[in-house]
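In the two complexes that follow, chain A is the common piece, with chain B as its partner first and chain C second.
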Partner chain A sequence: MTEYLIRRFLQSVLVLFLISLVAFGLIHAAPGGPTQMMMAPGISPETAKIQAHNMGLDKPLPAQYGIWLTNMLKGDLGHTFKNNKPVGDVLWPTVGNTIKLMSFAWVISLLIAIPWGIYNSTREYGLSDQTASFVSYVGFAMPAFWFGIILQVFFSLKLDWLPLSDMYDMDKQGNFLNLLFHLILPCSVLVLGMLAAYTKYARSSMLEVLEQDYIRTARAKGVPERKVIFRHALRNALIPVITIIGMDLPILVGGATLTESVFNWPGMGRLFVDMARQREYSVLMAITLITAVVVVAGNLIADILYKIVDPRVKLGGKGGRSA
Partner chain B sequence: MSNTNMPTAPNAEPAKYPNSENTSLPPATKTKGPWMVLWSKFSRNPYAMTGLVVLLIFIIGSLSAKLITPFDPAHVDLMITNLKPGTDGHVLGTDEVGRDIFARLLYSGQVSLLIGFSVAAISVIIGSLVGAISGFFGGWIDTIFMRFVDVMSSIPTLFLNILVMAIFGTKISYMILMLAFTSWMSVARLVRGTYLQLREMQYVEAAKAIGVSKTGIIFRHLLRNATFPIIVNATLMVGGAILAESGLSYLGLGIQAPATSWGLMLSNSQEFMLIDPMQAVYPGLCIFIVVLAVNFIGDGIRDAMDPRQKQMKSRRRLDKWRKNYSKSEI
Partner chain C sequence: MANKKKWFSLLVSLSVVSALFAGCGTDEKTATPNDEGKTEVTTPAEGDKNTDAPKDGGTLTYGSFTDIVSVNPLFVQDTGSGDAEQFIYAKLFDIDRTGKVAVEPWSLAAEPMTISENGLEYTVKLKDGIKWSDGQPITADDVVFTFDTIRNPKAASPGITGFDKVTKIEKVDDKTVKITLKEIYAPFQYIIASEIVPQHILKDVKLEELQKNVYGTDPAKTVTSGPWKWTEWKQNQYLTFEADPNYWGQKPHIQKIVYKIYADQNTEVQALIKGDVDLLGGIPVTQVDAVKGKKDLTVISKPGPQYEYVGFNFKPENFKDKFVPWTGQKTRQAVAYALNRQGMVDNVLKGVGTLMNAPFLPGSWADPGDAAVNYSFDPEKAKALLAEDGWKAGKDGILTKDGHRFSFELQYNAGNSRREQVAVVIQQNLKDVGIEVTPKAIDFAAWVDQNLTPGKYESILMGWSLNNPDPDGESTFGSKFFPPNGQNQGFYKNEKLDALWQKGTSVVDQTKRAEVYKEIGKEISTDLPYVFMYQYGTPIAMSNKLKFAEADAPESSLAYGYLFHVINWSIDEK
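Let's look at the complex of A and B:
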């Protein structure tokens, strides 16, 4: 176990290192490099040179990468180019907002999806099961932001029940009820997307377990059906679900970008889009790296949980499931 | 998984099963090839066939856009802004700068479908290559390639796309390459899995023995075994690419005017939601229908090539049969 943990951890670090290389390389592969991107148009070549020197952009690329990486590791995310603010000041509040939105949507969708999936697995091809599969088709095929726009048109503009966008009303900053009120629409969008996947996972995972011999044994010795489902099957069925949820983190983070843009939610995804338009490359690299850390950590935790929950899983070989 | 208990039904019953076509048909003169088997199952799936027909309608409609509508999708005419549907031959009316909405929908279809299919094609090529090399050679090559796959799947795709589109500019060709570059990983994993499973098979050994080159084994003997799963994956990828394109265009980092795409139309429509909410409905509906159709087709192919799928249904019948007859018979 310890050996596995160490190996898996080192692998994650390696993956992160490669991601940082990709992010850094991409920015510097831009035509003209970051210098070109960041200088105001019409600046004289001399001033540009001095600016570049001040920001360390005239050093060779590997050196720049080294400086950037060590700063990152120290927790210094750099400064924005436009008004020289520390990136952290811009970034961390939006991360908090994204977490508020995502965790709310995530918990709700899990609370609905897992019981629903279990129910459907016991009544395969029933009405509820058909509905779930309809929902999942819709959820997979519908552009999330379009669903958001439709909800806005219907609930905010036509019926005027719910706020159109933003996190708080202008005069009610920080009010929790007001926040909940603003959460309803974006959360519905996110929940539909997640529900589609999670119900399917829970159902198929349950079905697979219900086919096992030990379930038949349990039934044969007269264990009541409720107990079979909840004690014998559910525990084993939840294992793959946990893993998939862990592996889903990139989709969670990336998927929120569009929803945040539609609802003008001041989150990390929207910040990323805004900063990409303004070419604030230090913010972009910081966000990419932070998300990558979250994703890799999520995968790692999912793997370890998998190992702890299910002693049958053999994690020899190369990198377990993901390799 | 194992349904060996399936044929335990009494002899009288199987003939009634509608999906046991092999027993009721006269012996075929010529054995069906795998493609024909696939098609015969596929064509009996109503969802998949509906999906296929709808997709064909969209493809034909958008390709013959010039014949269907006389209007130029990029033609701005401020005299005829926000016309109601049906006025002056504008089937769905005009938008805020007087462009014909129906024409824009048709021409957008060209862009979206082009992106969907080319992204799927390119990522299948990249994914098959990487997966094939990785799975066939194994060892350190495999390790390196699979770590790369890990890296690629750990970066949120949308972020990477936004980054690239913002840095390099928003050309369709960049977009296609970028979307392909961020979606080939599933194909690579799939092909690699097939190879790992099959490379020790005896026919591969036989091929090696008669002197087939490595490329020959990789592409002729092994890749074909992964054909159907790859097709399913590619079909689902078409839908994913169309969605991704619409998302990027919606954010203003994809297709740019005067070109048009469904995502771009949505992004324009949001500003004019109050005046004409229907403008937001049409393009989204198009995306939704096309992606749904593509997904139905993909699922149809998967069901058609999965022998388990048939058994699932017959097991249901078996349960029903047990309920009805078990008291007297068993």
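Let's look at the complex of A and C:
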């Protein structure tokens, strides 16, 4: 297990390094740059050049990457070009805001989706199952921004029950109840989207398990159905679901750009789009890297969870696994 | 499986990066050549909203869809920061509704600038008792420091171009500054109608470090001169400004300004309808009806200080076979006659536009009016002119001359729905007279970088912002300003116009200047480096709880005109 963890860790570091290299190249390959994107009408090329120099943008790309990497290893994410704000000051608040929004929606959708999916697997094609199918289709098919606007128009503009957008009312910054109030609409949009996938996964995974021989054996032995479901089937059925959840972890940080935009949620998805427009390379790199770290970590965690949930998985073998 | 997952990780990360390429097309607020400015009024802004004495107090929530970069006046280049500046900085001089330099009670200058007989010496006298938000007096030293910093290349201030004709800036006494030019340059009066920065705060900062300094990004360290002071900045969320109890002039009626940042224009309009926002500098013309339908909202839909044009390129290297189809003046005029400009204003701009025939804002003091040639929509005349210029119909119906088909590419920026629609109309209009147009949408950043700045294109559909009310356009049309030296990106050369532009800035008297611009209007509308299309803009929308006298109503034709005289506005919550 330890050897496996070390190996996976080293692999992850290599992957992160490669991602940073490719991302750096791609970001700089995009046309335009911070100086050009901020140019006012009539600014002279010489002035633009001096600005670029003052920002360190006139150095060759490999040198810029070297500087970035060195600073990064020292824990310094750099500064924005335009107004010299530490990237952390810009980034961390939005990460926090995104996590508030996404984790709330995520936990709610898991709490609904997994029990619901399992229940539906035991009563295939019943009313509840049909309803779940319908909700899934709607959730998959409906664009998040469109559903978001519909909710806004109805619950905020027409009925005036809920706030239209933002995290807090202007005069209630930091108030937890006010935050919950503002979470309702964006979370509804996100939950619908997540519910669609998770309910289906939980249901089909459970159905598959229920057809296994050992379940049949258990039933034949006369084990009560409740016990069959919870003791024998559930743990095995959860394994694929955990994989999906692990892979979805990054969305908790990456955010949902469209939902954040519609509800004016000051999260990382919106920040990324803004910063991309302004070619704030250091912020973009930081966001990319954080996302990458979470993706890699999410995969690692999913693998470790296998070990805990699934007795068939033996980690550490040279030959790899067949999970 | 393990391998696949790694690839998956990589893909996820990269897809985040690739959003880069998708995200940049539509926002042109911060970019060089103008794209989306702010505009304004159809429903009359009622002056008599203000029957009672203005109430003091209340909060004005101003909506913006971009955050600020820095409010340091030395470096403000984007509309977001410029908007914020309007609340917290006093200017040396202000601009009146007609675009003339004016001394207002809230200007730093005490009286109009005096210009010497020879037109070279500008003297500015400051008011008594003016001070910074930290209590220090505002003096001639601050003015000298500000202008000397701007004109020093090391500081890399974008304002430097305006100061290239200055030889010296002197302090005469604590209240008086004298600026000497090496040649007469009439637009200079607009250049010094600007904000001033505090010398006592910035004098020890190295010039190269100025742009990085916290002055302008940290509310606590940004000493200001205007009616409100900056109290908070929550990035990507909001800024707040509070009436400054130490403000030197007459206090504003509105106590607090919340500068609320929204993700995009649609979100911001929703917030206005909901009542979360009181004022928007620009709403999309497509949203006007939705906003007008609300009885507690007012829309001012007049076009703003910007115009659109079809720009011809005259550099043979940009064309197949090095053949420039519009070298003949008659051909360019034919293109102008062939375009249904009024139809575009009516249908695409929903009426929020005014036809233009020269690069001067309609109604401004330099507007040449009827002296400029107006090309009414006349396809028959266009065909006749093309025939006179030697074009003959080819087999496929497209005109040809000397073996070259009249076919060209029209570039514009992707994601700009107005230009998308107008480009299609142009394509159809010109097809009707035998010219083939291929509209091509390009991502804005790439377009500026690879086509506009180096002047590499056949033709463009583009706009200019006339944020500076001075009519001088030499750097756009003068032959000294071919790329990379300036913004004459179409490589247009007309010696008569070159001389006229020079003449226009070498007399100070505005009446005499207006005559020169009349001549320019006539020549440029005859020769057509561009087909000038229309003045356009986005309407101003506001809540009816904003009250102001007619003299203080928002002015669409000015830069930042949606905040015109905001110091005199008040809020009546009812």
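The rule is simple: the second predicted complex is superposed on the first by the 277 of 323 C-alpha atoms of A that agree within 3 Å, B and C clash if a C-alpha of one lies under 4 Å from a C-alpha of the other, contacts with A are read in each partner's own complex, and residues count from 1 in each chain.
Here is the rule we go by: a residue touches a chain if its C-beta (ideal position, glycine included) is under 8 Å from a C-beta of that chain, and two chains touch if they have at least 3 such contacts.
Bear in mind the structure is a predicted one, so any value in this text is a computation, not a measurement.
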item	value
Which superposed partner A:T94 touches (first chain B, second chain C, both, neither)	second
Partner chain in contact with A:N236 - chain B first, chain C second, else both or neither	neither
Which partner, chain B or chain C, touches more chain A residues	C
Touched partner set for A:V15, first chain B, second chain C, both or neither	both
Contacts of A:S261 with chain B and chain C, given as first, second, both or neither	both
Partner chain in contact with A:S205 - chain B first, chain C second, else both or neither	neither
Partner chain in contact with A:L284 - chain B first, chain C second, else both or neither	both
Partner chain in contact with A:N83 - chain B first, chain C second, else both or neither	second
First (chain B), second (chain C), both or neither touched by A:S121	neither
Which of chain B and chain C A:S188 touches, first, second, both or neither	neither
On chain A, positions contacted by chain B and by chain C	11, 15, 18-19, 22-23, 26-27, 30-31, 37, 149, 152, 157, 250, 254, 257, 261-262, 272-273, 276-277, 279, 284, 287-288, 291-292, 295-296, 299, 323
Residues of chain A touching chain B in the complex	11, 14-15, 18-19, 22-23, 26-27, 29-31, 37, 124-125, 137-138, 140-143, 145-147, 149-150, 152-153, 157-158, 211, 250-251, 253-255, 257-258, 261-262, 269, 272-273, 276-277, 279, 284, 287-288, 291-292, 295-296, 299, 318-319, 322-323
Parts of chain C lying in touch with chain A, wherever the complex brings them together	1-2, 5-6, 8-10, 12-14, 16-21, 23-24, 27, 30-34, 61, 67, 69-70, 77-78, 153-154, 156-158, 160-161, 208, 211-214, 216-217, 234-238, 258, 260, 262-264, 267, 270-271, 273-274, 276, 443, 445-446, 448-450, 453, 464-465, 467, 475, 484-485, 487
Complex interface listing, chain A residues touching chain C	11, 15, 18-19, 22-23, 26-27, 30-32, 36-47, 50-51, 54-55, 79, 82-85, 89-90, 93-94, 149, 152, 156-157, 164-167, 170, 247, 250, 254, 257, 260-262, 264, 266, 270-274, 276-279, 284, 287-288, 291-292, 295-296, 299, 320-321, 323
Chain A partner contacts - residues on chain B that touch it in the complex	1, 142-143, 146-148, 150-151, 153-160, 162-168, 239, 243, 246-247, 250-253, 263, 266, 269-270, 273-274, 277, 280-281, 283-284, 287-288, 291-292, 295-296, 316
